[in-house]
Amino acid sequence: MFEYAPAPESRDVVDIKPSYGLFIDGEFVDGTGAPFKTINPATEEALAEVAAASQADVDRAVQAARKAFGVWSAMPGSERAKYLFRIARIIQERSRELAVLETLDNGKPIREARDVDLPLVAAHFFYYAGWADKLGYAGYGPDPKPLGVAGQVIPWNFPLLMLAWKIAPALACGNTVVLKPAETTPLTALLFAEICRQADLPPGVVNIVTGAGETGAAVVNHPDVNKVAFTGSTEVGRLIARSVAGSGKKVTLELGGKAANIVFDDAAIDQAVEGIVDGIFFNQGHVCCAGSRLLVQESIAEELLESLKRRLARLRLGDPMDKNTDIGAINSAEQLARVRELSDIGEAEGAERWSPACTLPERGFWFPPTVFTGVAQSHRIARDEVFGPVLAMLTFRTPAEAVEKANNTPYGLSAGVWTEKGSRILWMADRLRAGVVWANTFNKFDPTSPFGGYKESGYGREGGRHGLEAYLDV
Amino acid sequence: MSDTQAVRLAVRKTYKLYIGGAFPRSESGRSYVVTSSKGDFLANASKASRKDARDAVSAARKAFAGWSGATAYNRGQILYRIAEMLEGRRAQFVAELTEAGTRKAKDAGGIVDAAIDRLVWYAGWSDKIAAVAGAANPVAGPYLNISSPEPTGVVAVIAPDEPLLGLVSVIAPVIVTGNTCVVVASERAPLPSITLAEVLATSDLPGGVVNVLTGSVKEIAPWLAAHMDVNAIDLTGVAEEDLAIACEQAAAENLKRVLRPSAPDWSADPGTKRMTAFLETKTVWHPTGI
Amino acid sequence: MTTPLADVASSGATLRAFLHGLPGVDRVGADQRAKMLGTRSIKTTAKAEAIDLAIRMVDLTTLEGADTPGKVRAMCAKAAHPDPSDPSVPKVAAVCVYPDLVGLAVEALGGSGVKVASVATAFPSGRSSLEVKVADTALAVAAGADEIDMVIDRGAFLAGDYLKVYEEIVAIKAACGEAHLKVILETGELATYDNVRRASWLAMLAGGDFIKTSTGKVQPAATLPVTLIMLEAVRDFLAATGRKVGVKPAGGIRTTKDAIKMLVLVNETVGEGWLDPDWFRLGASTLLNDLLMQRQKMATGRYAGPDYFTLD
């Protein structure tokens, strides 16, 4: 057997400080909440102590953003563009450092942080930089205005990428921001704050307040915030929608999903298998648009399952810092408990559970790639978002049945279709009620491509020309 | 002819609801008195119940697949047909608006004309909105990537107290893109909405695409805002702040898209916002390779 | 034949129906998978093992119009002892020459254990009559070739005459006798991955012992995705028929990194069953010296220089 020797990425490229403050008005300041530790989920080692922003700290951040809004919104778009280009360049220059930090704090494989997250982060800033002086051509009138202060709350699955999705369009449109990174993954946002300083971004344009749910609520509910952008669970999205009701704040929500990945009998089978794997095991399945429901045409179900199992046996689970790792750590003990709970329920409900033979590290939070077969639409593993490396496999007989099952969910974020027949792809794409349809591919992202859901997967789009609307008073 | 001959008694119309292409009475059997602005009796309008609202949502959902699946050209033709039918009943609407005291006779004609023209304007959008709101996105890889607008689904519309122009201005942008709707008519002046329903019923518009309820906004709107099979809500006609907030909060339960504009000017250029508020953007990726 | 697919080639129509019934290949997806596997980082002990394995898999090749007895003798010497200063370096799998030089190579390699492979069948174009191709093969076999690397008739394949291609391979296989038959698909001329998959199955159905990407005379040659698709084909063919077929990428594999990427591809597509010179070969000429240089770097910790390795 060809065993790959350990190929660890060097940790020395990043200098993690023992403690971090909040980034308000261009300065790192102490928080008045109780500081918390952020840990490496692969080892449970504490990486740093991080300040927690209280309501008063959030208020200071919003005030700083309000003050900066005057300067920033009045600045010619061409100048704002140059700041964003500068930030994009610094991200490229420091991408190794950012990738390593992301992997340490999040648990995702370094290969993904390096090859997916970081290139997309830089590309997102490049893309929206170019819009800053072209907003009059975006289809929202000749001189669309920014909204003001944007309060943004982002999740832990793609910490820096979600920051880019929020901050780049907000700044390009002339807004200033107060952003709260997830409690378990604050470090790359704080390194981004340092990048803002390196770029000489005017103080107060970007403010980063770390903390847990209460800090997020303070950001969202602050009366001087004009715009709320949230990416996370549907449960929290619902709370936010309710709490801002009547405030007149513009809201965009990018929430959960339970995407169907539909494989027809005429699919390019080897690529479909890759797409299924990529769909649910990319980033340990911590992906809102993950293809967590595999719908296979019954006539090829057995054959496909066999291929899938063979492929899963090759997945390399382990040290996220190893360049050959495919599956990293689950982000937190809490998330691991949820994945375990739903998987146990899946088994209790009568679905058949399978995982390839793989040794889980002793420390840290780990869950093996898992496939459930014999799943019915009524099973909770076919309905609830697991947000982990757990695939539920169902079968269908006809294209109409595939569409019906795919749409039979309160979510509507994404879907996949695999068939070599072009007209069927278009027929399916027409009928799938989802914001993104990947045909003969899956989990592809691009700054030019709008992303966002139907139904309970949220509203508003991020990316592309469409992504500007969320940050303009139109 | 002698002077003593009795004046002919007019045959009055019974104002009912419009649900699924039919004109039922409220299942509750209730009605309420509609008066002119001077207080004169005009008619007994049906007072819709939550069950009527539920039935209307079912009818709208049932009609959604067919209406959203119709070609844009076909939807445009039907909206234009509605304008034609409205033009044919111009005098009737002028009379209704005048009797109700909504408008003076000399202004009512202009309002009806504006409503007809607005329908024609929206009819033309059916096969153009996708070109304006959609995009071919130049992604950095070997993929074709297309974003297109799609109707969000069933939209609850609380119509403003502007019985014809306002009503047409909130219905047309919702349905032209393929949504279906449940409209709660102006509570004070509901009669033109039922007459409009008669126009809709004779315009090749499939039953269920527009459903019209008359009655108490305060009673019905919260049920629609909370209904889990309604995808979006237009609160234009909710004047009371507390009711609007309650509806927004209820709408959060299934993340309805909410439109709550401030004091619309019905004579102004509507722009595309009323259409895009009820559109989803769907982005489709496909590899390009040999 | 009693294989489960015995009837497939009973007519042009059945053969066509079978080949066109194989699952399609999405080019972008295949490229992406190959690219991702190309990012595997093979270090230290794994790299040392991979280098020796790659050396043992090399078919050291010279296929020039200017080939002379001197050139072939020198190459054979190198094949048997790639690094005269280091006896721990394994010998390569085979040398690969034109048919007229087979006898000379057999003589030069006598007793070394390095096999002699010969291209045949009007290499590289394959544009001749079946009689000439059979004679070409017979010449090489008679001269002592252990392996025959034939080219398929790409013209017939692209014209849709799959049966002609099939029958030609069957005839050459018969002419090979005991010699192993490698079937060169010339994937650069087949253009699409669907064609690569179909040609792979066609070659295997007709009895080829190995499927080989390229002649080395056409670009692109042994790319990672093409090799991936051929590996998937041998994997699926084994599952369908129980017969195992080898794979040989050839052309354009110049560096140790290229070779290791190929081994990773084998490892993660078909597994260790193919990580053996009996089942996987690397057709190359300049690759060997790069493997030797990297091997020395691993052993000494210093970067090696080309002057310390023989140019044969």
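By written order: A, B and C. Residues from 1 in each chain.
In the analysis below, a contact is a pair of C-beta atoms (placed from the backbone, for glycine too) under 8 Å apart; a residue touches a chain by one contact, two chains touch by 3 or more.
Keep in mind that what you see is a predicted model, and the values were worked out from it rather than measured.
Chemist: Return the chain label for which the distance between chain Cα mean and whole-protein Cα mean is smallest.
Modeler: Closest chain centre to the overall C-alpha centroid: A.
Chemist: Using each chain's Cα centroid, which is most distant from the centroid of chain B?
Modeler: C
Chemist: Using the stated contact rule, I'd like to know whether A-B or A-C comes out ahead in C-beta pair count.
Modeler: The greater number of contacts lies at A-B.
Chemist: Calculate how many whole Å lie between the centre of chain B and the centre of chain C, each centre taken as the average of the chain's C-alpha atoms.
Modeler: 70
Chemist: Can you compute the centre-to-centre distance for chain A and chain B, using the mean CA position of each chain? Integer Å is fine.
Modeler: Averaging C-alpha atoms per chain gives centres 37 Å apart.
Chemist: Centre to centre, by mean C-alpha position, how many angstrom separate chain A and chain C?
Modeler: 44
Chemist: Can you list the chain A residues in contact with two or more other chains?
Modeler: Touching at least two other chains: 440-441.
Chemist: Which positions in chain C are in touch with at least two other chains?
Modeler: 26, 28-29
Chemist: Two or more other chains touching the same residue: where does that happen in chain B?
Modeler: In chain B, 141, 143, 287 touch at least two other chains.
Chemist: Would you pull the chain A residues touching chain B in the complex into a rising list?
Modeler: Residues 123, 139, 234, 237-239, 241-242, 245-246, 253, 255, 410, 425, 429-430, 434-441, 444, 446, 448-452, 454-459, 461, 464-466, 474 of chain A touch chain B in their complex.
Chemist: Please name which positions on chain C make contact with chain B in the complex.
Modeler: 26-29, 31, 191-192
Chemist: Enumerate the contact residues on chain B facing chain C in the complex.
Modeler: Per the stated touch rule, the residues are 141-143, 287-290.
Chemist: For a test of understanding, state which residues of chain B touch chain A in their complex under the given definition.
Modeler: These residues of chain B touch chain A: 69, 132-133, 135, 137-141, 143, 145, 147, 152, 231, 241, 244-245, 248-249, 251-255, 257, 273, 280-287.
Chemist: Going by the contact rule at the top, pick out the chain C residues touching chain A in the complex.
Modeler: That would be residues 23-26, 28-30, 32-33, 39-47, 49-50, 53, 229, 232, 263-264, 266-268, 272, 275 of chain C.
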